[in-house]
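Below, chain A partners chain B and then partners chain C, in two separate complexes.
Moving on to the complex of A and B:
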């Protein structure tokens, strides 16, 4: 009985996911075709004659009715074939396998930096609410949240790359290391480790650290603000008074009682922030010349390179679904009521 | 007080740590002396087939990978057109046949010898693939049907180009310098052809793993779109040994980041700098900026199918409402010089006159003559980038002084081009890049309309033609443009273009405004980079880096 129920649940999940994905893809596809951008011209040049235009459109399969195009597209997608990007000339899957790990690497470091700084800062700000510490933290987070990414990135580079020389410049690695580390995972830091190439690792780290700090500052500022408000809500609850009457220390009250109760909200915020970073931070990627998903998708969208856009959308959709599932699992651990 | 005392040691320790870190910081980085690192926005580079690609960046790089029959020598700036793969050539007296003697002993990167067969194959490919570049061949009467006879190899050493009509020698030779005519390795391409595509699919996609099909001084060894492009010197190059072993393009989209790379010495050249970054590099020791007139000319266009632009006086009034001189000093600083001829400077027939000056009173007069003293309003479409946006807003302000209300609409080029082709713009600002160093390359676009030629079918659509997009069909000018391609005396030909442009200024719905300048930020030791206004004269094949003391 129980097994049957879980099987039904499993199918329902697959059904739900399938439905969500179809909706997402149909919407992306339609937007791409309705947009006043012409993929034929983007692919083959502005000055095509009428006959050349018709031929290129046919080559790209764009002469078919929308429904047929969509059907073909779904059929290919089921076989995990996103087609070719006409901008890069590569199969979209090859492109994504190249750009997505770059984004994963950057986003993961960014969120780690952000969480390590942001969550403790938020807790401190909540506990020391109204003091100068809270005010200073609020200032710092506000700046982190509102400072233009372009300016932040360039300033970081000016100080730590040009003036101090502590970090490396834009890009993922220096030219001297180009082609030295074979691609295994696509995550350059991991690949360097696997290869045991310490010089390449130091270089790659030098390149990733500034964009990661730039992203992490923004993400950390957001996490700090959210943590502060979640914590304030908990700190004002009656069980805190009880704990204090029972003689619990401030540390124990905050870390043992209040913080675990923010867990679910914090995980949700964390997962969403991570998801947003995984979409690719276009501006950060542009300033730091980081060859990630953000730049790739933006360029594809401006040129109506729909295969690439849809491939990217699919990956981002997957990321959110996976993060969602993971945070669901985490809720069950953290919140006894949902078990 | 106490607190400060306690704080002091910490402060010193922190200061010492900072100082130490600065000492430990790597000394001024520098790229290897035989390697040129170029920071550039290269996301447009995708399709590498010279017979297909219409992307300028690709064409520039292809120029150093594929050689043409004729072209320019990168060893000397401003060198005249001369034979490259063609050792010599002769024409029949009627001007209808060119016989090129192919240089002996030239080898492709693959090791295959380059012969007249490869040249003939290159022509056949262009016309058969039938993309934008093929238009240039069709204009001189070469078609899919006649190409086998008209572009033909005789043995290994002779290539004969026959034309159904006699054209100006200068026109034909200038045309052949364009990157489209880069000679490709027939054997290699035939081996990689799929379904009669002349190896185009295979050649378009380069990763650096596959053999190269050119014979030029460089070949690709690594390419990742929107990331890195590495070219390696062809040590067997017949003409000279390029000083640089490797040329590396790094995709750095942002001007500020490009400038920092140059300042640090991690890049040798930067291509996409804003005016502020250019000025910073101009004064910084160890870096320099070189300015080159480019092949891009900015223009505005007014749709003659929309009132009141059907009246040339209204269009002329608009041309007097643009503050060219002020723009040159402000928003076009380091980016362009006032240029009102459709032929870029540096190409035969270009005029330096500036018939249109900012003059609101004159504009008002012209509008009054056209019965428009009440003013009118229209939409101006511009691409969403600088300097076009700034120009449009400045124009908007000065037009208001003459009672004309301009609504500026900004959009990405990928959105503007389809509207332009569909004749759906009132007015627009855009640029045109001359594809090769001949006046016909631009005259053909701005002063010629196929629908205006005697005997043209009325109502026919020509979306590829700029004149058609603005509804302009000047019969007299179109006839003159075609006649100018057939004038064999270069002096007379130059005079014909001067005449065409003067007439064009009176009646055309286009207003050329600036010739763009390509500012390139460089390390102080970079020498001999060639950037030309003709396309085929851009090259890094003789660029070097001198030893710094």
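Moving on to the complex of A and C:
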């Protein structure tokens, strides 16, 4: 019975994922269609005879019905064929494969910082509900998610780079270290570790710490707020009273009873926040001149390089959708209460 | 009546909620009286006065074109407020229409509409808005449209949930029996009852809208120069961060304050109206 139910759940997930992907593809297709740039002129230049125009249009498949065009678009995108970037001259997929690890590195470090601070802070706030500790934590979290991430980044840069000189400046590496560490994973910190190059590692850390903290503060604020409300819900349950009557200490009650019961909700929130950070990285990368997907897309936008914009949108959208659906799955599979 | 009074008392008793209300009222006041509050013309350039420190003559200093930053921040309140209002005016009715139709009609209409809503909910909002604006050409109007088309799904879900409850009530049955057409029931009976919770949700979302709009402006995809939009002003100031901190810092503080105000107000409204907290 249970086996059958989970199999149905699996098919439903595949179906949901398929539908959402088609929606994402339709949205990106639409974005490509609404742009006021004529794709024929963009591809072949402005001076064309009518016959040349028609030939280029046919080559690009623009003479086909819209549905056929959409079908071809989908076939290309699912193979990660986003076309050429006008700006770099490379295939967009090659460009993305080069810049995406930098974004992943930034977002991953951001979520790790956010979770290590945010989740414990949320637990403490819930346990000490109504005290001054709760009030202070509430203020800090509120500031965290009210601040625009790019302002946070600029202020951190102003204080820790310009004024105090504790951190390195914009970019991912100082010029002296550029090209010194061979690319293995594309995650610079990991590559430095693999190489055992401690100076390069220290330099890379000095560059990544400010953007990661500006992302991590927002993520931590959100996680703390959610953790607090999940914990409050558990702490008000009757089994907590039972545990307390049986003489369990507060620490034991919180860590052994309440926390495991919020586990699934926390994992879900964690995954969603990670997706949001990939998005937030677009703005942070601009502030810190971080050579990731966000900066790549912004540059492409200002140069009407629509293939690159659509490719980047699709990749971020895809990761976002997968994280979304996976956390949904985790929720349904791991939490018996949701069945 | 009684419930609303309690909610209002609850709201007034919370300092955080009242602070939020004060900030939002301040924002509205500044936007409404911008010409009287500003000390300079927000677009008047004066290259002799470029990058002046904050002083009596220029409360927040001047930018790289010698424009008075205080006056620009004051006028910027109008831009921010109009973005917020326009997004609410576009996105909330779309969500309301989709949600009410889905909840009221049920069956395949419900399934199709809610499937669309779920798909849209799973999208990355900021990146999609960025791509839309990039495709449509950057401008304030296009930024508003892009934010609005990514903002409606939560409203549709909320409106559907409310509609499902209201649909079963006696007065809807009475309207049916009296021969009212479905559209009339939706418009006259269901929509008005969905509005309060929708308004709370819209207020809660406004902080996010302000941040996304400022983000678009920051990337140069929102209001175009010389419009005094806070995000764009902040972005300008980046180049002068080393020796003129005020150019980027003060517009950023304005964005932060506006978003903080809506967060506090939204939280306060939600807590006050949450029936679970009425014990």
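As a working rule, the second predicted complex is superposed on the first by the 234 of 339 C-alpha atoms of A that agree within 3 Å, B and C clash if a C-alpha of one lies under 4 Å from a C-alpha of the other, contacts with A are read in each partner's own complex, and residues count from 1 in each chain.
Going forward, contacts are C-beta pairs under 8 Å (C-beta built on N, C-alpha and C of every residue); 3 or more make two chains touch, one makes a residue touch a chain.
Because the structure is a prediction, the values reported are computed rather than measured.
By the touch criterion defined above, A:325 lies against chain C but remains apart from chain B after alignment on the C-alpha atoms of chain A. By the touch criterion stated above, A:145 is placed in contact with chain C alone, chain B being left untouched. Contacts of A:95 after superposition: chain B is touched, whereas chain C is not reached. Using the contact criterion defined above for the overlaid structures, shared-chain residue A:302 touches chain B and also reaches chain C. Once the two complexes are laid over each other on the shared chain, residue contacts for A:175 go to chain B alone; chain C is not touched.
Contact with both chain B and chain C is seen for A:287 once the two complexes are overlaid on the shared chain. In the superposed pair of complexes, A:64 makes contact with neither chain B nor chain C. Touch criterion met: A:165 reaches chain B, while chain C stays clear of it. In the superposed pair of complexes, A:48 makes contact with chain B only, with no contact to chain C.
Within chain A, the residues touched by chain B in the first complex and by chain C in the second are 35-36, 150, 154, 157-158, 162, 286-287, 302. Residues of chain A that touch chain C in their complex: 16, 19-20, 22-24, 27-28, 31-32, 34-36, 138, 142-143, 145-151, 154-155, 157-158, 162, 275-276, 278-280, 282-283, 286-287, 297-298, 301-302, 306, 309-310, 312-313, 316-317, 320-321, 324-325. Considering their complex, residues 35-38, 41-42, 44-53, 55-56, 86-90, 95, 98, 150, 154, 157-158, 161-162, 164-166, 169-171, 174-175, 178-179, 286-289, 291, 295-296, 299, 302-304 of chain A touch chain B.
Those residues of chain C lying in contact with chain A across their complex are 16, 115-116, 118-120, 122-128, 130-132, 134-137, 207, 211, 214-215, 218-221, 231, 234-235, 238, 241-242, 245, 248-249, 252-253, 255-256, 259-260, 263-264. Interface of chain B with chain A (complex): residues 21-22, 25-26, 29, 31, 35, 37, 43, 46-47, 52, 54, 130-132, 135, 204-205, 222, 224-228, 230, 248, 250-254, 256-257, 260-261, 263-264, 266, 412, 414-415, 417-421, 461-464.
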